[in-house]
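Okay, got some structures for you below.
In what follows, subunit A forms one complex with subunit B and a second complex with subunit C.
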Partner chain A sequence: MKTQPASSDQLAPSVARRQPLRHLAPWLGWSVLGVLVLLAALGPLYLSAFDLVLAFTLFNYMTMAQSWNLLGGYGGQFSLGHSLFVGAGSYTIAVLLLHTGLPLLLDLVLSGLLAAALATLAALLLMRLREAYFSIGSLGLAMAALTWMLNWSFTGATSGLNLPPAATLDYSTLYYLALGLLVATTLTIVLLVRSPFGLRLMAIRDDQEAAAELGVNSFPVKLVTFAISAFFVGLAGGLIALNKLEIEPDSAFSMNWVITMIIITIIGGIATSTGPLVGAVVFFTLQQVLQNSQALSSLLTGLLLILIIRLAPEGLWPLALKLGRRLGEIFVSRFAHSKQAVTALGAQEAVGGRSRLGEG
Partner chain B sequence: MQAASTVGGEPQRTDEAPLLVLRHVTRRFGGVTALNDISFEVRSGELLGVIGPNGAGKSTLLSLISGAQRVSEGEILFAGQRLDRLPAHAIARLGIGRAHQIPRPFGRMTVLQNVLIPVHARKNEAPGRRSLSDDAEEILRLCGLLDRKDRQAGSLTLLDLKRLELARALALKPRLLLLDEVAAGLVGQEIEEITRLIASIHARGVTILLVEHVQAVVRSLARRVIVLDWGRKIAEGTPDEIARHPEVIAVYLGSEQGEQPSTPAAIHQAVDEQAATGAEVNASTSSRHSLPSARAMSTAAVRPSPPPLLDVQNLSVDYGKLRALRSLDFSVGEGEIVAVVGANGAGKTTLTQAISGLVPVSEGRVLFAGREITRVPAHQRARLGIALCHEGRRLFREQTVRENLELGAAYATRGATTTFAQRLERVYDLFPVLRERASSQAGRLSGGQQQMVAIGRALMAEPRLLLLDELSLGLAPAVVDQLFAALPRILAWGISVVLIEQHIQRSLAVADRVYVLERGRVVFCGTPDQVRAHPALQQAYLGVAAAPATPADSPAVSEQEQHPVSGT
Partner chain C sequence: MLFYHLIDGFFLGGLYVTIALGLTLVFGVMNTVNLAQGEVLIGSAYLTYTLSSLTHLDPLLCLLLVAPIMFVIGYLVQRLLLNPLIPRGQETLLVATFGLLLVAETLFGLIYGNNTLSLSASYTLTGLNIFGDTVRTVYVIALVAALLLVVGTHLLLSYLPLGKAIRAAAEDPGAAASIGINVPLVYGITFGLAAAISAVGGTLIGLSFGFGPTTGSSWLLRSFTVIVLGGMGSLWGTLLGGLLIGVLEEVAASIVGPQFRDLIVFAFLVIVLIVRPEGFFGQRVGVAK
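Up next, the complex of A and B:
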């Protein structure tokens, strides 16, 4: 029995039947999340070194997509310049490790902070631009940064930098750093978008002028969002440098970073906090399974993207939620039906008739 | 009463202190002066109505007060403080809420979240007290949206979106509420509902500036009204004074002494020019004049006796749950000019869009040249010979004038008898300025010239029926004269015209027959003379009939409706 019609006013009975599921769903979600976090926390106990590196990469994808999603999805500021912050994070930690004696964790935090500071400067330039102009402007800044780095002798210009041997971490440490960053990023963003700040951010996305007339000052909101988004991307960039140990501008500032963030977010579900995680799993799996034929991997990713934009533009995660809810409804209505079949057959039929009317 | 604390202070009526003062406020957009030297005051606790025809500058006025746009000259004071240098969000936090004419919901957020935005913005000034979401829910209850608080705002119906606009503005706990056409697009029961809601908000002591086209709403709510026209304030007074003010009547209905003589003169001149150019022209011009006089009847059943070119029967159009046209009969004969008049939201544009196939028809039939086209898609109707000049023109702005005209000819009516070159020549002759500016970008032309391009583009398809939606909207009188002078020549080419026009006297002067629409219905149909003599016209525009008034509009009742709070 379908219960998807637009005029839900007439469908009070079916809403009531959905209620038990409503109470169940969050618990289900939380327990699945708990199991996943536990499994991840115990990762080094059962994963090989190779698997740990794969997981490290996956976590960084998730972190970066999650951060991009804060600005691009919740904030509607479609940045094409986030590669800049990956590179800035990588180079900051390399320079700090090479030239200072600061502890590694502090270096890592500073790499995030420098990315955030750069983002604040960039925001001052870009915030006056809207929509496509913002995107193009951010892309321009990232490309300018790449050109600068290719020529800056202090950071080794095109040949880049090698991290000191002391910076070499074992795989499980890297794994935990990436996992910790992912959890911190996701928690921060989930709390942020549920706060009044997040509401303001989404209001600006939907209609900046209307938001202003309701007392929302868009400038600081966008500025802070940009900085937070860049902060976590910068941290991820720092971790990536710690893993690779050699960095050079073309890969550290590669456009591929931001394209990956965007593809993951759109596949998983833009402006949702679970979407980027789901999207990263799908994207990364595809990449790994087809790693021997790069062309096929790109082709399939592109096809997947087109299919999602055409068929489920909200992304895989919202689609999965919708399907789950539909299945749940069918289950609950069957259950309710068989239970009440004897006593309330007549009433059920009346309800069915009414909801069919509503669909028409 | 808890709700009172949500919305404002103690219930109070007009105090003497002015809450809002505008002094010599002017707003220019490039060379266009949208508002010119406007001065007025709104006293604390007052509900001031602002009326005026389309393009008078009413929404601009509200945008200047809310800070969405900047004042070019003059100053705006709110409770003694200069507003005109503050950004919009700071003005909102001072307690000025605005509800937009076209709802601007945060579409991807829930209804509750929409209302939480202003609640949180307000928090900065008045910290603590009770839970903010309780506050928001109370406002939603007041506006009748509580049961929809978890719906996505983008999925609401028009009435609910209007309520949400109000709710969001109220959530600022405004001292001054700017309401922009909250009743526009609503009908019947819905208008009464929203009127009651506004009255109850006002009764809680909120000062309100009400911009409104639906005159019944203004009459039942406002004790004082100012009238804008062409960016100027032309009158101020009680609703009754305003409804009898000769200049206001002239603005809405056109003055018998002022505008009318100039237009027919221009037309006669144009017709004379035509007559000199060919006998074929004479034939169609005279047939056009013989048709209407033969059909001088006064009921809605008026129909051209030969099969009409366009025959609309029992037409209803719905926008979601909103019925925009209700069982409407409408016809246009060969070579006729039919005028459609009525206030904003009466359904005029919807009618043209239903005829041209841009909106789906819910009930009824549309016949064109004897063929049923009710389900024929818009692009095929265009090829059958129906051309629509949109309100707002919709030119290809980046393209040149000539390119726009070429694009108009690309899908000419099937069986067109003229060549492209002939049609182009005809359009250039009709509007010589287009020939001069043929290679200019259409978007760079003046408003009047753009309208000429729009008409020219429609004519390039050699249509049999031309629908002109708001021919003169926002244009200077001299340009309007030119456009009206073109009408007889268009008719002379054997093209029938449906004219939607806010200058009533002008359209009455050129039309063969006139339909008066009110809230999606035809309330009167007849010759221009019959319409002039009939109270339906004034009723439709000013909500007051010169002849016996309907009970709903009599002053006695509207007095009562100013205090509907006692019932709530």
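Up next, the complex of A and C:
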């Protein structure tokens, strides 16, 4: 969005030539996305059971990072407490399956709703706080919840709960549930941040006082954002419980969940909607390649996080876009010399222009 | 009975002052919340552990070497990583210190394994009789250390040229730079000092409790509770805040049960944040004397 004026300034003579690129880029973006979604939708046809489980985990990472990014990236509220909603989702579905006869999908939705309700409560408590105060406050809430769950006999205290055998789903069902959740989350968030609501949210993030003077009441906006973010994380938590079938507080409410969400978002690109997806792929690949050495993989991800925040704080996806655009410009200026190559130019621009759609 | 818990808590509070003082200094001067404070503490405990098992010296004596090492580490972290990020705003600093937290946690696990370790000395299991109550000797040492550290830091900030430079840089970095103060250097030294002070806190944690690679975040929250209560960045506030949290935790734990200790502190943190996020006592290092 913001890069277009800059590039047209630099390349004033070639603006006219670059027009087809601007028209082509979004279409190319959507078609790449379409192919990816189609490939994913047909996943169970060509993936092994093992791959399906891997994909399930990857989709959940993406969903959770995407949801964290809504609050942490677009909303500027750097939550360290999102593990609470993973745990809440996991435990809700377990308790509902054990104690009620409700259908499984309804249980799943309820687990998201409970997380959202908890987030609303947390927001009522924490939303006056800004920056580090909010981060630490949310971490405090999550740690308090973990300590509570370790002692609550209704949910089995430290030993946790086992889901009933009836809750066992086959791998492709789990896969489709996770994929569906990912698509729903991404669509919701993409539409939300491009709506007037999203503009208000980002205005508050950038300057709360200025936004207030323009008549934006920050409290309801932050509250709703927090609840939506937690809703999707809670659903992911429910799915995770359905996959694991045994849950206990230390892993369900583990700090690792929010750590994963933050790492993925920062690596991929905070406050972009493609960033968390790219970041999840990078993070997950690293984790899988180094799965024999858990410690080495977390060391490398930590170092990657520090490197990125130090050298390219906007994240890998915006960095890749910048590089792609630079390459595109080089191609354009090279081809500008030979004017007869107009058709070739169109094709080259399309390649370079792929970068453009990142904001979408 | 309650009286004894009050005394216990008071001395435990001394330990909390020593762990929170580093966070206070870093926030008060650089306006940075160091999310890796817990790892600074635990890292110092590990260093002391290594040193005392190599040399068989008393852990507190090892501090003579551990504190300077932590100073150097802290100085380098501020100069190489955090200083360049300051213009980009607080969120970037949060992410950076969060990255440090992750790297440190993993390194601890890689080097020392995931077992819970503790430091031992002749006084770890003994107690002293204070007003008829038996208080752990370590806690008494911690309270003395806390008082020494707070008074020492106060004297440093008030009277030494370095302290004056730190206060100037805290109050207005731009103005401080314009009168010839090397602000990046002062920031580096401040973080180094904070890490060296935390070395004392970390070693005391090791002497009083067990520690493992992931125990850091619970100490971060405790430190944060102390400095929020004391007014972010205030020295004397940290002293009062630490003692108050110690007493509160000890008394509340005696009522609802020791397994809820963490819950009490974290809930208290959230309550204080909601009711009075600017804290109850004191002002920032840069503003107050």
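FYI, the second predicted complex is superposed on the first by the 322 of 360 C-alpha atoms of A that agree within 3 Å, B and C clash if a C-alpha of one lies under 4 Å from a C-alpha of the other, contacts with A are read in each partner's own complex, and residues count from 1 in each chain.
In this section, a contact is a pair of C-beta atoms (placed from the backbone, for glycine too) under 8 Å apart; a residue touches a chain by one contact, two chains touch by 3 or more.
Since we're looking at a predicted model, the values are computed, not measured.
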{"item": "Subunit C versus subunit B on the shared subunit A, clash or fit after superposition", "value": "clash"}
{"item": "Subunit B versus subunit C as contact partner of A:Ala49, first or second or both or neither", "value": "neither"}
{"item": "Which of subunit B and subunit C A:Leu39 touches, first, second, both or neither", "value": "neither"}
{"item": "Which of subunit B and subunit C A:Leu129 touches, first, second, both or neither", "value": "second"}
{"item": "Subunit B versus subunit C as contact partner of A:Val289, first or second or both or neither", "value": "neither"}
{"item": "First, second, both or neither for A:Leu303, with subunit B first and subunit C second", "value": "second"}
{"item": "Touching partner for A:Leu191 - first (subunit B), second (subunit C), both, neither", "value": "neither"}
{"item": "Which of subunit B and subunit C A:Ile259 touches, first, second, both or neither", "value": "second"}
{"item": "Residues of subunit A touched, compared between subunit B and subunit C (which is higher)", "value": "C"}
{"item": "Touching partner for A:Ala144 - first (subunit B), second (subunit C), both, neither", "value": "second"}
{"item": "Against subunit C, colliding segment of subunit B, chosen among 77-85, 293-301, 401-409 or 509-517", "value": "401-409"}
{"item": "Those residues of subunit A which subunit B touches in one complex and subunit C touches in the other", "value": "none"}
{"item": "Interface residues, subunit C side, partner subunit A - complex", "value": "33, 35, 81, 84-85, 88, 90-92, 94-96, 98-100, 102-103, 105-107, 109-110, 214, 217-218, 220-221, 224-225, 228, 259-260, 262-263, 266-267, 269-270, 273-274, 277"}
{"item": "Complex contacts: residues of subunit A adjacent to subunit B", "value": "6, 196, 199-200, 202-203, 205-207, 209-218, 271"}
{"item": "Touching residues (chain side subunit B, partner subunit A) in the complex", "value": "66-68, 87-93, 97-98, 100, 104-109, 113-114, 116-118, 120-123, 155, 168-169, 171-172"}
{"item": "For the subunit A and subunit C complex, residues of the former touching the latter", "value": "76, 78, 125-126, 128-129, 131-133, 135-137, 139-141, 143-144, 147-148, 150-151, 255, 259, 262-263, 266, 295-296, 298-299, 301-303, 305-306, 309-310, 313"}
